[in-house]
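Dropping the structures in below, format is structure tokens.
In the two assemblies presented below, subunit A is common to both, partnered first by subunit B and then by subunit C.
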Partner chain A sequence: MTPGTQTMFLDVQDLSVTFSTRRGIVNAVRGVTFSLAKGETLGIVGESGSGKSVSSYAVMRILERSGRIAGGQITFDGIDLSSLTNREMRELRGREISMVFQNPRAALNPIRKVGHQIEDVLRRHARATRSTAKAQAIDALKAVRIEDPEKRYNAYPFELSGGMCQRVVIAIALACDPRLLIADEPTTGLDVTTQKVVMELLADLTKSRGMSSILITHDLGLAAEYCDRIVVMKDGQVVEAGDPKALFADPQDPYTRRLIRSTPRPGAQIGDLVEPPVPSPTRPVLGAPLLEVRSLRKVFGHGAEQSVAVDDISFDIREGETLGLVGESGCGKSTTSSMIMRLLDPTSGEILMDGRTMTDVPAAKFARDPRRGSLQMVFQDATDSINPRFTARQAISDPIRRLTDEKPAGRVEELAAQVGLPEALLDRFPHQLSGGQKARVGIARALASRPRLLILDEPTAALDVSIQAIVLNLLAELRADLGVSYLFVSHDLHVVRLLCDRVIVMRKGRVVEEGATESIMRAPTDPYTRSLLDATPIPPAALEPQGIGPERHSQATV
Partner chain B sequence: MGPRTKLVLHRTLQAIPALVGVVVVSFILTRMLPGDPAAYFAGPAATEASIAEIRDAMGLNDPLPIQFLNYVRDLLGGDLGNSLSTGQPVVEELARRLPASLELTLTALILSCVIALPLGVAAAVHQGRWIDHACRSLVTAGVSLPTFFTGIVLVYVFYYLLGWAPSPLGRLDFVYLSPPEVTGFYVIDALLIGDVETAMGAVRQLILPASTLALFTLAPLARMARAAMLQALSSDYIRTARAAGLGEGQVVFGYAFQNAMLPVITTLGMVFSFMLGANVLVEKVFSWPGIGSYAVEALVVSDYAAVQGFVLAMAILFVLLNLTIDIIYTLVDPRTREG
Partner chain C sequence: MSPTPIDSRQRGFLDHVVYVLGENPITAIAFALFALIVCVALFGPALAPYDPMESNAARALEPPSADHWFGTDNLGRDVFSRVLVATRLDLMISVAAVALSFVIGAAIGSAAGYWGGWIDAVTGRFVDTIMAFPLFVLAMGIVAAMGNTVENIIYATAIINLPFYARVARAEVRIRRDAGFAQAARLSGNTDLQVLAFHIFPNALPPMMVQISLNMGWAILNAAGLSFIGLGVRPPTAEWGIMVAEGANFVVSGEWWLAFFPGLALMCAVFAFNLLGDGLRDIFDPRQRT
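Now for the complex of A and B:
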């Protein structure tokens, strides 16, 4: 290790973590070494299964029951953490080392007021007494810039938004002024603008309190933006470490190179994402308008509790065209895609296909409509959207039998070949398939009825970047081969830019901006679109040094 | 009026349609019972004519809607008719026997909660250790042994072989006088007048039947407590609590147990209703003068005023029980208070 090891604030040497599972011992972390100086922010990046979270749980000694620190040494501020008793370790947690988690809503006790949850920590570490706890909890809420903290003190987690919940989790973590904060994917699942706010808040607070921090993330852009040093992990091992600029500009390890390559970024073409790069598939020639949406409106609820989910939106999709539908949670993009999919009836407005209205058939009866097969959907969660008791073959043949006159035999194999799913895997159940393979099954199933429009609802959001790159290429190839149109629903502007011809930006049920993808990305006219673009971290682009820079709209910050 | 009071009131109002349904169903059900009450009432020496006369006098020849209206009218006046076999008003008999059943059931329920919940929690906290295996064995035994069998075994061992328990004949040994009725629960009533000896006598009588019932209900409760605790302990908010350094006691009891209580409360409601059913057998074995044994006797002789009264009492009890569970749930879980 480096000679400065002695003075390091946190020093992890040769850490190994094993899990005992039904199939035997699994080595989740194998000989990991990293260290962190006082006041420094260390980024640990890697894909799922890289052991990045497990390493930090090992530092905190909060591994789940089946996990065990099998070897190595963890020194925090000169203390050997593995020599501490459980009681001593509990004293340390929350007071010296704190943690912020992914999925903030689940990270809070659902039936306890958030104020009380902050008080629990304060009182546990004797930072507050019964009489001062409430005031201090409110102060902690103020510190994370929650508006109206006195009122929020009495709120339950389910009454708060995701971003608000994450602030409460941060308030809990920082309540006792710890010296080290570990943030485990703190913004995954949050909207980009919320992500920006939460990350800025974390950066501000750690800096102003002189804290050290570890940011665990799969997002290279986020790591590049907020970390002083980066550790890249793969399969439980550190493959590379160093200064983010230098590391991303000149990655030494092939895995780091591949990771950087597969991350969607400005300037890259879809074919650049895969290793080795392939020429990007051609875009289909645009034909006549396929789908026309006219003044679509959806209102939920009645009377005073009425809420307008979709407010008078209109757009077209032409044959072979890919339209991106972008917006943050609650903007109405899912409601819109459900209405186009004819799962929901609009309150008013019309949806036409080939110039003929589809909204004359109520959603409840649309399943038997002959046009049903020409609309299909690919879902975000490839795992949850496949019947766990169906094999891949059954999942793909189901729509063939229900929506077409074709025979599944032969057609299933043809579809599998189209999406690059080896035939040998067709008789496996979803739990026997990898994430990427399940995504392929989901796409093959959607293509089974020979649809003319595919609604892709964040189809790659749950996938690792390297698999996302492959799936995106697959989607581009299928579009070129079949001439099918896509409605691509996403919150990731980099992905949208790669795939879409045109983009619609939605906010609060309305379309705020619409236009060709490139022009919107380069020169957004609406302030909301600009704020979305600003909030999106720019991933490093090691192999195309000219790709970075002109895309940034920081000069137009709102 | 606070939002909680409003919600409780709302839930209470929702119970009313259920009660109306209960009245209708109890009426129809007893009219469908086989056997002719008039023939029974007239006695073995009756002629066709006298049976017809009695049937007429009992209003059994009226059209069903009229019979129903009469029934509702009587019901509102607190009149459930007279039992055919004993001649006593059904309301009085139920009022005397219901407390006996409730005393037994509630004692058993408390007993089973006191054992099952800590056991389930301990099994979850020490998953895979000896306490977990002990929990599993007890649970398996509890579900696989029918109540009348456990009852008889307990009587055989503790009364016949060991002589520790008093004779299994009712609520109180004949050497004691039953205490003046306040709540109808002998133990409480005896304590109210300061008669500790009678209270102890009543407790001694209660132990075996209550244990029998408790053993039966232990299984679902312990199992649910264990499963709910395991789920709560593996959830994200427990990880947050641990990462914040909260003590193991607060994590397990403050955070996990409170959340695990939600499914346990639901199970508790179901278990209580099972118990009211299982009561019938236990009351028979221990000659317990509850409503279960009353109903069985009434059924055997087609005493349909009594059966009707029993069905009605039980159904109302169920509705009230569900209402209570619902309200407790609402008070514990803030998420159910929405809407």
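Now for the complex of A and C:
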């Protein structure tokens, strides 16, 4: 306990973490130093593989078995954490330092009532006795502003929404009044409006209890909004640290600059996201209506358990046009895209292509329809959407063999070149490819049958921002080169703005607003659209050479 | 198109096998034991030092010695030769039975898992019906009713193992039915049958490999068990189950080797197959190959 470290609440000095894998030792974290004062919120930002989560796991000493703290010192409130026994560390976890994980459903025990799960933590740290536990658990639920806590006490996690589950996780994390809270991507996977509520709640609770917190995130906007200080990590090292305003206004490190540049933000064009900036690809000239959706309706279930997923929606997509379909989870956007893709039959309504109805061929028979090749899709999760036993070449050749008269040899290479996938990677299996490469395979496969309409189902949601920037530019280029129409399904309004001509906002199966992208972003008429826009964190814009001043101003008022 | 990528992939697979075996020595032992069993099954009759059927009253019931490694039985036949020769028959019965139940069970289970609905209901109840019987008693009944032949042992063993394959296949196909890659395959113009056969089923194989391997052990035990109680293969054919049954009479009088060695062979076979399962899963799951 040297005098110097006592001033800092949490002090991480020169931390190194290694993992032993079958390829040898991997240095996941290399000489990371950061510190946290009492009551401060520290943001750790970085892309996947930057070591941001591993660093915090090392603080909690919850690294997986192959991981090891190879060097450095972690001091928490004057205690050297590496000197503690496992038993002492267990006492500390939950009582002094708590953690909120990314996936709230995975963090909760699915077969135990949420109230009991809060009691477990309270009893474990002797904060409650059998007689007081229930009342305290209900208080904890109240603290995270869950309505009707007495009733929710008896709920199982599957009965609660994602946002509710995350509140329960926060209630568990805060039940014992810890002094440090580590939140690892606490809102990733939640809707923007839920994200806002959860983040506000976290900020309020940490402030009112005088807690320190660490927010680990890939979202620069979120970090800028909620953190007092920010640490930027890359490849296991801290590249830059400082006050968010100063750091984003004048980033010193080239990586920070690239990260800020890649983040879609008001005012930026699609070509501005990549380094070096390229002129944004031209938008194709709009042609005749390609797809017409007429009073589409989908009802799941029968009788009393009926639920209307899509309720009487109609829209058109013209040739060369990109239509954005925006909405939060459960709004029916996936059901709509499945119906247009002819993977799902509508309950009623019609989908026409070139003025001819497609709904007369049932979805189960559509695989053999000549129009199958004209309608293709790029899936949200590239990993899940490629057969794990197929190489990239096999995945791309499958539609060529089944839907076209062409020979896969040659055409596969052509497609790979089109999406910028090196030929050498074609014989790799999906697990041997990076996220961005898998996204390219998915796009190449979708383009293989020369489609006229491509549904892009959140194609970049699982990607890091720098990869997202490249993929978005690729999509824009392909659109310009091939004249294909896109239906772009997304929840990220900043991304939608970059790519779409027109936007449809869906809520509870209905279209609440439709119009040109810019006008909706600037002046939404529906209150729901407005709340979506309000909830989207606005990423910090770095000082950029090209003048984006006036537009940014008008956007900032939205 | 050049052979290089394929070569490197094959080398990758070999490296992977070596890695899996090195990581888990028990798997390596199981593979070695399995290789030994297969060799003995193939070359057993050629390796056997004596004719397994030839009796020699002068040298009956001799304990293990340099001449007769596993001793001799009550008719003076060489137990070692009989154990070696029996391997082929026992392995043949279990391989045939497992192959049969795998093919039928996987087909039924995959269809049930993929299409659901009435197919699932009908096949589900059919499988439940089989499971409702004590399995060994069911096998006894089938062999007793259909006749005491090797084929009938195979059919009986196949029927009682079928539900396990059907259930594993159903569950594994069902969780992948709406996976992204299955949807993508539909968009690529695959019909339902093609999606199931070329995309979903191959991914359901690794867990079924484990089932196959475990089942091989059971099938051998089952065949030996049927012979032990006098159904199925009959004396004087060399078969582990009969040898244990016949040898059991002599254990009380001290001639332990008659039952011990065929029993040991049986145990090694079951042991090898049970351990093999885990190794096979590690090898055939591409995601383990990082």
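Heads up, the rule we're going with is that the second predicted complex is superposed on the first by the 537 of 558 C-alpha atoms of A that agree within 3 Å, B and C clash if a C-alpha of one lies under 4 Å from a C-alpha of the other, contacts with A are read in each partner's own complex, and residues count from 1 in each chain.
One rule holds in what follows: a residue touches a chain if its C-beta (ideal position, glycine included) is under 8 Å from a C-beta of that chain, and two chains touch if they have at least 3 such contacts.
These numbers come from a predicted model, not from an experiment.
J.: Identify whether subunit B and subunit C fit side by side or clash on subunit A in the overlaid structures.
T.: On the superposed model, which is not a single observed complex, subunit B and subunit C clash.
J.: Let me test your reading of the model: by the given contact rule, A:169 touches which partner, first (subunit B), second (subunit C), both or neither?
T.: The answer is first: A:169 touches subunit B but not subunit C.
J.: If you stack the two complexes on chain A, which partner ends up touching A:368: first (subunit B), second (subunit C), both, or neither?
T.: A:368 sits against subunit C, while subunit B stays out of touch.
J.: For A:376, select first, second, both or neither according to whether it touches subunit B, subunit C, the two together, or no partner.
T.: Touch partner of A:376: subunit C, not subunit B.
J.: Given the touch rule stated above, what does A:22 touch, subunit B (first), subunit C (second), both, or neither?
T.: Touch status of A:22: second partner only.
J.: Touching A:427, do we find subunit B (first), subunit C (second), both, or neither?
T.: Once the two structures are laid over each other on A, A:427 reaches subunit C alone.
J.: After superposition on the shared chain, which partner residues are touched by A:259: those of subunit B (first), subunit C (second), both, or neither?
T.: Once the two structures are laid over each other on A, A:259 reaches no partner at all.
J.: Of the candidate stretches 75-83, 129-137 or 201-209, which in subunit C collides with subunit B after aligning the structures?
T.: Stretch 129-137 of subunit C has C-alpha atoms clashing with subunit B.
J.: Would you pull the subunit B residues touching subunit A in the complex into a rising list?
T.: 127, 234-237, 239-248, 250, 254-255, 258-259, 262, 332-335
J.: In the complex, go through subunit A and note every residue touching subunit B.
T.: 60, 62, 64-65, 90-95, 98-99, 101, 103, 106-112, 120-121, 124-125, 156, 158, 169, 172-173
J.: Show me the residue ranges of subunit C that touch subunit A in the complex, using the header's touch definition.
T.: Of all residues in subunit C, those touching subunit A are 1, 5-6, 9, 19, 23, 179-181, 183-192, 194, 199, 202-203, 286-287, 289-290.
J.: Report the residues of subunit A in contact with subunit C in the complex, numbered from low to high.
T.: 22, 341, 343, 364, 367-368, 372-373, 375-377, 379-381, 384-390, 398-399, 402-403, 409, 427, 429, 431-432, 442, 445-446, 448-449
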